[in-house]
Structure formats: C-alpha cells, structure tokens
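These are the structures in question, set out in turn.
In the two assemblies presented below, subunit A is common to both, partnered first by subunit B and then by subunit C.
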Partner chain A sequence: MASVANGLYGESEIRKFRRMTVIWGATVLLLLPILALLGYFMRWVQAGAFTQLRPEWFYAVLTLHSLGMVGTWFVGSMAGVSYLLLRYTRPSLAVSRLSYWGTLVGVLLLIVCTLGGLFGTGWYFLYPLPLMSQHVWQPWATFTFFLALAILGVCWTIWTLDILRAIARHYSLSAALGWNYILGREGPEVPPLVLITTVSLIVGVAGFVAAVLVIALFAARALGVNVDPLLMKNLTFFFGHVLVNITMYLGVATVYELLPSYAGRPWKINRVVALAWGAVLFLILFAYFHHLYMDFAQPAWIQKFGQICSYGLAVPAGVVSIFGTLALVYAARMRWTLASTLLFLGIMGWGVGGIAAVIDSTVEVNFHFHNTLWVPAHFHTYYLMGVVLIILGLIDHVGKEISGLEERAARSKLTVALLLIGGYGFLSMFYWAGAHSVPRRYAIYPLEVSQGTLYARIAVGFITVLLLGILLYLWETGKRCLKALAA
Partner chain B sequence: MRRGLGSVCLALCLSTPFYGQPSFGIRSNEAPNEDRYVYKALPDIVIQTVATADARLSTVWRDKPVLLTMIFTRCAGVCSPFLRSLKRAAADAEGLGRDYRIVVLSFDPQDSAADMDRMAQSLGLKSDPAWIFGVASPGDIRRLAAAVGFWFYWDPSVGQYDHPSLLIAVDRGRVLRMLAGAEVPSASLREVAQELRGKFVSSYALAGKVAFRCFEYDPDRGRYNLDWGVLLMLLPATCALLSVAWAFSPISRRAGPP
Partner chain C sequence: MIQMHAFYVFLGVAGFLVAMFLYTAWSTRHAKDIDYHSAYALRRKLLLLVAAVLVLGLAMTLAKTPYPRDQDVPSQVVFVVGKQFSFGISASPITNEDEYLAATYSTPVQVTAGSLVEFRVTSFDVNHGFSVYSPSNRLIAQTQAMPGYVNRLRIRFREPGRYHVLCLELCGSGHHRMRGVFDVK
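And then the complex of A and B:
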C-alpha cells in the first residue's frame, strides 16, 4: 500500500499532518450522523409524524442539513486530497489548521442562525429571501448566516490557494493540467490526483469569488441598492454548482490515487484522461445554467448552451472515470476491503446520480421535473451514494494505514449491504415521488400531492436501514480512527 | 296596544335593510394582498339571475374560467365607472366569451336579480351572454368575500357602502390572479386573460431601475441587450485566472520551501 513518504517532509511533520488528517476525518464522522439525523427528521415531518411542529422548523433544519452536508463533504474531500498530495508536494499544515478552526466557527454560526434563529432559506439563500423573512427569523439570524458564509468562504479560499501553490512548487501549469499528454510531448509524469485537483481548485477559486460577490451584493441591497435578481441567481448557482462539483471531483481524484493500490495496477494519465479533465475546466463554468431554465429573462441561447455544456460535462469526467474504474478492476487481483469497496461503489453511485442529473438538465424534461423531488433524488444519489461513500472509503483507508488495525470481513460486508439497501431504497422514493410530480421543499404535502406522504413513510424505513449502516461503519472505522489519533 | 307594538316591530324589521346595512370585513386603505389568496379555493355559492333562479357558481367556472367582481347597484361612486372600465379592457384583451366569462355579483342584500339586470342593461351588456349579473344570499356573499379578502362597510352618513374594487380571475374554482383598483388597465387584463388561457406571462423590470443588470430587455424590439452586470459574471473566472497566474508564476514558485 502506497503511503505518505515523499522526502519533502520530516518524520515529525508527516506525523503532524497525519494527525491533522485524522482530526478532519473524525470531525466528518462526527458530523455525518448528526446531519443524517436532520435529514431523517425532515422525512418524518413529510411522513406526517410531527403534526404539531411549526413548518418553520422544517425549513431551518433543511437549511442546516443541506449546507452542513455540502460543507462537510467539501472539507472531507479537501482534507483527503491534501493528505494524498503529500506523496508529491507539500501543502501547508498551518493553512489546514486555519481552515479547520474557521470551519468549526462557521458551522457553529450556522447552527446558531438555523436552530437558534429559524433561518430557513435553504442552502441557496436565493435573493432576496434572506432579507424578507416575514418575521420568521430576525435580522441577526440573516447577519449570522452571512457571517458564517464569509468565514467559511475566506478559510476555504485560502486552503484552495495553498494547495494550488503547493502543486505549483513541483509542477508547471502546463504539466499540472496534463498538456504534455494532450500535445504528445515529453514531460514530467503527472499523477491523476494532481491533474484533477488542479482543475477542480482553479474552478473552486472562481466559485468562491462568486460567493463573495453574492454576499457583497446582499450587503448592497441591505443598504438600499436595487440588485438584479437574475444576476444574483446566476452568481449563487455558479457558486453552489461549482462547490458541489469540485467536491465530487476531489473525491474522484482520491479514487484515481487509491484504487490502483487495491487493484495492483497503475492508473496513469493518458491523452484521453488529460483531454477529459481539460474539457471539465471549461464546461463546468457554463453547466450551471441548467439551474436557471425556468428563468425566462435569461436569453434562450444561454439556456441551450447550458444544456450542451451539461451534456458535455457528463462525458469527460463521468464516462472516462467510470470506464477507467471498470477497466482497472476488470480481471484484476482486486483486494476487496471496506475502503476499496466503498471507493468503487462511490464512483458507480456518482455515475447513477450523473445520469439522473443529465436527464434533469434537458430543457424539455426540466419543465416537468423542476422543483420536484427528482432534484433532491439526483443530488442525493451522487452525494450520498457517490462522494460520501468515496470519502468514507478514504477515511477507512487512512485510519487503517495509520492505526494498523485490520477489519472484520463479515462486518464490512454487512456495512456495505446496509448502506446500499438503505441508501438506494431511500433514493428510490425520491425518484418515484419526483416522477409523480411531488414537489420538493414542502414540509407538509397538500391534498393535491398527498401521495408524497406515503413515499416519505416508505423512505423513513429505508433511512433507518441506512442509519444502521452508518452506525456500524462509525463503530468499525471509528475505532481505527481513534487509535490513529492516539498514534 | 299589543297590535300597535307588533306593527312597530314589523316596521322596524322591514326598515332594517334601509337603515342598518350589514357590513363585512375590515376596512383598509390597502388592496387585498394577492399572495394570500392565489390558488385558494372559492366557495361554490348559489347565485340568482333573471334567467336562472338558482345556479351554482361552479356551473359557470366548470365550463370556462371566470372573472368575478362584486358591486352594488345603488353605488354613487366607483361601481359603474369600474364596470365600464372592465368592459373596455375586456374588449381590448379579446377572448371574452370564448376563453372566459365575467360574473358580476351584488354584495348588497337589497339588490335583486332584476336590479342587476337593469344595471347590465344600463351598461349595454344585457344581451351579452359572456356577462352574468346576479345576486346571492348574504351568507354566501360573506363566504365569498372572506375567501378573496373583499370587504364592505355601510356608511349611514352618506347612505352608501365603502368598498374596494376587486377583479378576481378564477380557474376551476381557484383564485388565479387578483386586480385591485377603480380602473382596470387593458394591459393588466390582457395578462390575466393570457393566464386564463393557460399561457405563461413574463414580466420585465423597468430599464435603469436596477443596478448591475445582466441584460436589459428592449420591449420595442423584443430583444435583450447585454448590461454591466455581465461584467460581474466574468469576475469569478477572471479572479481564478489571476490566482492561477500568481500560484504558477516563476516568482511565486521560487519563493518558499520546495
């Protein structure tokens, strides 16, 4: 198993970096069940379990659940990539620590404004909703929310820039982007991890700048300046789409790095892989237009371009990576452990969610699926059954690598079975409801879509199975992480 | 004596409609808030016209969407001008009779179906089958008024009702849109008629009122023009390029540890 030893760090520095990575992993593992329980709570509400509860609670929990999950898996993938990059380059431990504390403060503020202040706009805090609460939440909650976003945004931007800086120490831009492979020229060998991380983080910087602009324009609106809602929606969804996508790409980068060690085969960059990720760098900037199909004020040519880019984005990253994974595993002497199984299933789940996303990114289909439960269905698929499984696999891999504790095969199989049955069962209710026009973001389903209550009840059963899988994973992998922390 | 007392009571009871008019709702200077009522179901009340003794409102909206308004025939104020304005706007908007009908109900218990018929005649609408003038029981009127935020207040000093002018677009028994105001603008009614036909109605902000717009819509040419907000959309990608240039620049790569 390849481990972190690159000669760039001293042994004590490596140990500190490993410890920081385990702290990140433990934090992710702590947040996972809490945030999952919030999702469980929401489906219970939709199932009609808490009839006395004010619907405002549902929307506050929705906001915390969605932002919390997106943030958790972003930092999880960043921490994982930082750790794996130690093989090739030297990210800053101080910046990782700064990001950690900044993330903790940001998360704390998010909890305060949502559970304490009932701030309930959803993750996208679409303009001008945060400023028009109809007295459901107070101005302090809005301020706290934007303060949290600002702190998270600043810390994560610094972290992103630091990793790019670290890559730049050892690779030129053309090398890091794999241009020598594309042009067929001699050049340094570049691991896929470096290529995908470079592409993702360049786009990530653009996403964070968009978030800064959104916060600045909200402040301008609070001071009385009329701001274009279409501009705000474009910037907000650019930021959100980029953040979610790069989280997945960073997760995929870890699979490129780790899965070969289980397959006993190398997974190197070739022209196709370099071209594919080069295309991602361009297409991801425009694919987010599919979030604005219903905005008639956006010119039609932009909507068409958005559909083309959304389709295009699925090919390079999705198809190349999924095909690559299958080719790597096919007829290999694969060592199927909990980590390798989760990494493999994560890539496949990403593919399943990607197909559902491409379906929804078709203008004609979007007319029917927009704002139905199909939308959470597809993003929960590539998150929960995609990047979440990958990062759980990565944490298990790191925990095992550092602690040296081996796994019990039967428990690993049971964990995977519970995660798969619970996860895909829960998602199938989202898909089924979406295909039957049940709207998303409804705390209580009105008579016209009352079938949503039944689907929520079935989903609750599957989530229970999923939570059992998560608990079993936490028990097994948690032990390894605790020992790794003590090491 | 007893007969005399009875006569007085009878006279008082009979005079009640003249001197103690029922009021309903809360007087307000604000128009009813459309957001509160849109998509709400209307009560399926019974109406009477000169042609029909008792008919349910649902028999009208089941057939076609409906524009519904409430007036009273003795109105010395807004009711007649409002209905004339509605007649003009409906002629401009086109589709009346084919796509929708207009129901005018009196909220005054004194009005009879014959009074409403005379009002239709005075407006030149008596023979138009697209217009239905009718009355309903006071209880039904109150239920209908409550469902759309309508109010009426009897002012004994002038012997008139104070009330808003409200036009409610109803599709399959549910409120689709509401227009408030003494006059019905043709442009607004055209939009409502579009919605009643199931067509999407787009709206555009006025030019120059919003900072950093991505596009300005030119209604004369029906085209979009790029505006300054597009530059803000380019800013994230520009900053990303500058960051990459910084990170991968020879100066930055030389600085710091390898």
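And then the complex of A and C:
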C-alpha cells in the first residue's frame, strides 16, 4: 500500500491494521443476517403471522433492529474509511480496538434490554417514553439502554476524534476542507476521501454532543428536573439525522476512493467538489428540522428553513457525487467485479432514496407522509440499497485484496441480481403502502389501514429473495474474509 | 390526491436516474476516452437545472404549509388530548383526567363540513401523532400531540362522514390500537 511507501506505517503495523479491518468486516457480516432476520420477522408479524405474539415483542425487536442496523453500518463505514485513510495518514489502531470492544459491549447491552427487558421505544427513544412504559419494561431495562448508548457514544466519539486527529497531522483544517481549491490557492493535493471524511466527522462530533445532552437531560429528568420535550426532540433528531447521514457520506467517500481503481480514471477534488462538501457542512446542521415538521409549536420559519436546507443538501452531496460517479464510469475500461458493481449500485440506491427523501422533506407532502411507511421506504433505500451495498462492496474489495482469492463471475452476477430484485421489491411495498397511508411502526394493522397486511405479505416474498442474495454474498465474501483473517 | 402525485413524481425522477446508471454501465462495453471539459460543462448545466427545479419546488410549496396563520379565524375549536392509549376529543377544554375520560367515552364530536375547524392538540403523557383519516381511510392531516405544548391543526373538511384518528408516533406497546373518532356533518 502507498502508506508503507510513505513511511507512515511499518509492515507489521499495516498487517495488524488490516487484520483489525477484517475483524470489523467479519463482525459486520455476522450482524447483517441477524439484524436482517429481525426485520424479516417484523414484516411477518405485520403480514399476520405469529398472531399469538404480544405486540411488546414487535416493538422491542423494532428497537433492536433499527439501532443495530444504524450502529452496524456506522462502524462498518468508519472501519472502512480508517483502512483507506492508511494511504494518507495514520489513525490509531488502539482506538479502533477500543471502539470494537466498546461496540460489542454496547450491542450486548442493547440485546439484553430489548430482547431480555422488552425495551421498545424505537431507535429514537423519544422523551419521555423511556420513562413511561406502562410497566412493559422495567427501570433496569431503561438504565441498561442508556448505559449501552453511553458506552457506544463514548467509544464512537473517541474514534471520530482520533480519525480527525490523524487527518490533522497531515493536513491543515483549511486544506482538509478543500479551501485551497475553493479560493484557487496553491496547496497540497487533498484526496476526496480526506475531504469528505473531515466534513462528515466534524458534523459527527456535533451529533455526538447532542446525544450526550439527551442522555444527560434524561438523567436530570430522573432526578426530578423538568425537561422541555421540544428541546429533547430537536436534540434527538439532530443526533439521529447526523449519524445516519455521516454514515452515508463515509460510504460515498469510500466510493470516491475505490471506484477510480476499477474505472482506470482519476477522481480528484476541484472547486465544485470542494464547494459542494463545504455546503454540506453547513446545510446538514439544519436539514434535520424536517423531522419536526409536524410539531406545529416549532416556529413556522424554522420549518420552512428546514425545507430549504433539505432541498439544498440534495444538490451538493447528491448531484455532484452522482454525476461524478457517472462521469467516472461512462465508457471507461471498467473492471466489473462484485465489489465495483456494488459500489456503483450503492451510489444509485443512495440517489434513489435521496429523491424520495427530498419529496418527503416538502412540508406540504410530509403533512401526508410523516410516519407512514414512506419514511422507512426512503431511508431503507439509501441505507439498504445505498450504503449497505457500498460497505459490502468495500468488504469484498478488502477481503480480495488481502486473501488474493478471486471471485466466480456467475455467482457474483446471481448475488447482485438477488440483492436488486429482493431489495427493490421489498422497498416497493413500503413506498406503495406509504402512498396509501399505512402507518410505520405498527405491530398490527387496524381496520382503517388493513391493506398494510397484504403489502407486508408481498414484502415477505421479496425479503426472502433478498436474504438469499445476502447469504450467497456471505458465503462467497465470507470465504475471502476467513482466508484474510488467517493471512 | 397528493400522496399519489408524490408517488408518481418519485417514480419518474427515480426511473430517470436508474436509466442513467444502466446507460452508463452499458457504455463500458465500448470504452473510449472522454473530454473532461465537456463533462464539466455538462455538470454545470445539470447543477443549474437541478437547482432551478428545486427553487421552483420551494416556490410552489413553501406557501402551502399547514401551519396556522393569524389572519384565518377558525369557526369551530375542538380540544384533543392524547394519552396512552386513546385520544380524548371534545368541544370543551380537557384539563384533567376526569375530563379526558369523559371525552374519550362520550358521543363523538361533530364538526361542520366547509367550515374551518381548529384542533388544539396536546398530550398528558408521551408524544403521540394525532393523524386524521377520512371516511375513505386516507390520511388527510396530522400534527403531534406533545406534552407541555398545544399544536393547532386547522382543517376545512369537504367530505361529510366519520373520521378516524390513529396515532402515528410510537407511544408504547398499545400504539397500534390508540385511536379517536369524530363526525363531519
């Protein structure tokens, strides 16, 4: 790797870092089918199976599935970016290990409080629901949940700060943010990976600060202090919005870094790219208001500003990166492999989900879509068919790079076909149901929206296809990862 | 119906994007060098086009937000309280537990079709989603029921009939069975 030549790392350190990356990748691959099965289970419940099941189980599984998926892909993208950054700088291996063990402990505690304690508030634990369970979950489950969040938050914040530190050792802040390109000044060449990671992680720190405030305010409430529910909602959605978005941006950063090697063309920063990601740094801080459109107590000008920022965010991050991907691949001597195909399709899925998200970020539309299945439709699109495909592509790339095991073209094509048919088929039922007013987060559909049961049954069929695709991917890429671990 | 309009807009734009990706992937069968200056010029045009579409979208939609305006005076006020796991809906204010129970179990409130109705929505416990479904089971309006705040949702009903209210904010294990009802005459 270039980092060895640059003298940033010794050969043995590089080996250790590679091994740590493969461990992260293997863990992500282990969690993926488990968490996907939880989602499969929920659609089965909504399809009318398991009629004897208490709905508390549905909401507990919902909480574990959503938090688990968001966390898994965040750490997956962080591990991937850390590995790719070795070409330019030197993140700490010890911090990566600390994050790994902290993540394992946090996940274990989440499993205990949800499946063991039926804690079922959804990923967003909207204040004051965790404290008002109607005796479904006990105070110990609430405590365990917040303990898990605190451990994950601390570890991920340290990891985020460490990567920023590593970047800062080799690039000044203005260089890392691409200001030289914007101002037309001479300066060091900055890879897009460094620019996007810097922007994402600065925003990430702000998100983690909001999460700390939420946990602290919950603790204050437990001690009898009055807490403003609207403030809590703002902080919670700011944190959630930031975490999900930076995960996607880190995924996009890996595409900027890896896809050129498959296309045989460079993908460099220029003024437009630097300006685009600079705009993201500002706009993302305010786009989260679209989560609170239905809180009419929030001043109307804030809501409108939220729509403007949400629309604005689509142009720099989305259009520039999507156009860049298309221009990179167009008529290129492309080396199509499982990894490059997934990276390419991941950007497409990110774009498709982004379109649905922009539509939903229109206040007038959100008035009819808020908390219907349109919402999981769009975020599953840019997650499942976006960042997940990108990270699966990245893991396959790394596994192949280290193990040297080549892929079988026919199996790769079948994997991609199953993922696309199963994934978009499953999502189509979310979109259709959302357009027909079916609510999200319902264990059982009441009479008014009973059509949701039929859509869930159709979705179950597509998820089965999707799971077959995931299993085939795991079989093929898993072999490469196992060999890479042994290397 | 706005939901289906949004759905078809999504299908159209997303379909175009997917077609672009497929075309690009197909183009790699016949590799050639590209002119970067032309690509940058195309990007500039595309950015301007997308920005223009989004500005047009903002211009068309920002004036149509559902938030109450001071110049509109509602002809009827309905009071709503959400509480795990039911909505109390009443023509008179609900200020305590007894009034909430009375509102929950009394005859459904009636409002008049064509007149502007204001729902003053709050919660006695956690966040709920006060979401109004028409007699044909379409979600026509919603706001959050939030502890400590009153959200004012104004609706001018066109279609008489029985309207159901579902909760669209996860509020606990009975979330899916939380409901309310009122009539439009």
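The criterion applied here is as follows: the second predicted complex is superposed on the first by the 481 of 487 C-alpha atoms of A that agree within 3 Å, B and C clash if a C-alpha of one lies under 4 Å from a C-alpha of the other, contacts with A are read in each partner's own complex, and residues count from 1 in each chain.
Keep this in mind: a residue touches a chain if its C-beta (ideal position, glycine included) is under 8 Å from a C-beta of that chain, and two chains touch if they have at least 3 such contacts.
From a predicted model like this one, the values you see are computed outputs, not experimental measurements.
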| item | value |
| --- | --- |
| Superposed partners subunit B and subunit C on subunit A - clash or fit | clash |
| Subunit B versus subunit C as contact partner of A:234, first or second or both or neither | first |
| Partner chain in contact with A:296 - subunit B first, subunit C second, else both or neither | both |
| Subunit B versus subunit C as contact partner of A:217, first or second or both or neither | first |
| Contacts of A:14 with subunit B and subunit C, given as first, second, both or neither | neither |
| Touched partner set for A:331, first subunit B, second subunit C, both or neither | second |
| Partner chain(s) touched by A:165 [first = subunit B, second = subunit C, both, neither] | first |
| Which superposed partner A:132 touches (first subunit B, second subunit C, both, neither) | second |
| Which superposed partner A:90 touches (first subunit B, second subunit C, both, neither) | first |
| Which superposed partner A:206 touches (first subunit B, second subunit C, both, neither) | first |
| Between subunit B and subunit C, more extensive residue contact with subunit A | C |
| Stretch of subunit C, among 41-49, 95-103, 131-139 or 167-175, that runs into subunit B once the two complexes are superposed | 95-103 |
| Touching both subunit C and subunit B, counted on subunit A across the two superposed complexes | 228, 230, 296-297 |
| Complex contacts: residues of subunit A adjacent to subunit B | 8, 90, 161, 164-165, 167-170, 172-173, 176, 202-203, 205-207, 209-210, 213, 217, 220, 225-228, 230-231, 234-235, 238, 285, 296-299 |
| For the subunit B and subunit A complex, residues of the former touching the latter | 200, 202, 204-205, 209-215, 217, 224, 229, 232-233, 235-237, 239-240, 243-244, 247-248, 252-253, 256-258 |
| Interface residues, subunit C side, partner subunit A - complex | 2-4, 6-7, 9-10, 13-14, 17-18, 20-21, 24-25, 27-28, 30-34, 39-40, 42-43, 46-47, 50-51, 54, 57-58, 61-62, 64-68, 84, 125-127, 129, 131, 133, 137-144, 146-153, 164, 166, 168-177, 179 |
| Residue ranges of subunit A touching subunit C (in the complex, touch as defined) | 54-56, 59, 120-122, 126-129, 132-134, 136, 228-230, 233, 272, 294-297, 300, 303-304, 307-308, 311-312, 314-315, 319-320, 322-323, 326-327, 329-334, 336, 344-345, 348, 351-352, 355-356, 358-360, 362-365, 367-372, 374, 431-432, 434-437, 439-446, 448-449 |
